């Protein structure tokens, strides 16, 4: 899976983009657990429910099934316009 | 008084602008009577209350007092924009 | 600023000229009206736009004043053309400048409403074989 | 048409390019957003605008489709810039083209609402001695 980070999330992960290959991650909830373990500083933001998730460029709120070739993005509330 | 006609009112009066000097005309109601006498074809439009009147570039609905140096305008509903 | 003119205008230039004066402006809402090629199923050739210029200036000044009372505006611009205007020509530009979107957006619509309802302009629309004086419905 | 670009744009040119295609357009409502010199009482030096480009295109295509279902639009245009943008720079242009004013006006506001609420853009605002990632309130 390709993971993309935007805005200040990048300051926590120190990468914009990375590929993870884990057969453990079969849905978004499992992905969240994985990513908090990898970046513990994301935990408090995850708990406050301010982060947003997109799978293949679509917002996802519930835990959706993930495939190995999915593109997952994590980002804070937007501020365009 | 200077009288100005706009849009299709001009097709009835055949002038855009004229000066009338009548000490009879002391208010808008008297002006309306005068102008219908001068241009009988205005009568039916006056009766349908579609005409608008401005005195010194301000809309007037009630019969207002008129002075000799006033500018009076008669026109149909607007269509700007 | 209010301009009543025969000439065409470039709205990038017109809006920039005002925007340059105000670095606190974050939002410009604008409306541009054009001569359409058809109206009430009649093919339009051109329009002739008549204005009672002295009255129109007074009216537009008044409406800009009212908009400034109702909304937080930094600046505003109305350009209204008159004379012979071919299909596709610009007729009017209203642009409202404010810090935030809501003020510019609502005031632009308010000014357009007034302009269509009361401002001293009349359109004489020319079709293939006739012409007609329009009256705004709203 | 949707454009996500670093470069500045000229809205007279951009709007004309679309207007030229449609002689039945009588109304163009537009919104232009600019970088302001001040935000929350902090003096702004510049902003850095980040975009998730692939997602933003998909989102803006979807919102234009939705606007076309709700209103009678002839055409529409969204230009959103990204990268380093100084004070007074244009950030965004939304323009809606229709026969009559109401459709262009309401759809333009609808698209802007969506854009501010959901589209994948983030502003990093730089002040004299710090910077801050913004989150749209509306």
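Here are some notes:
Chains: A, B, C and D, in written order; residue numbering restarts at 1 for each.
The criterion applied here is as follows: contacts are C-beta pairs under 8 Å (C-beta built on N, C-alpha and C of every residue); 3 or more make two chains touch, one makes a residue touch a chain.
Everything quoted here is computed from the prediction, not taken from an experiment.
Relative to chain D, the chain whose mean Cα position lies farthest away is B. In terms of their C-alpha centroids, the spacing between chain A and chain C amounts to 48 Å. Chain centres here are Cα averages; for chain A and chain B they lie 72 Å apart.
Centroid to centroid, with C-alpha atoms defining each point, chain A and chain D lie 26 Å apart. The distance from the centre of chain C to the centre of chain D, each centre being the mean of the chain's C-alpha atoms, comes to 22 Å. Among all residues of chain B, those that touch two or more other chains are 81.
Across the assembly, chain D contributes residues 33, 101, 112 that each touch 2 or more other chains. Interface note: chains touch in the pairs A-D, B-C, C-D.
Put simply, chain C touches chain D in their complex at residues 10-13, 15, 19-20, 23-38, 87-88, 99, 101, 104-105, 108-109, 112. Chain B meets chain C in the complex at residues 4, 6-8, 54, 57-59, 73, 75-81. Here chain D touches chain A in the complex through residues 33, 49-52, 54-56, 58-59, 80, 91-92, 112, 115-124, 133-136, going by the rule given at the top.
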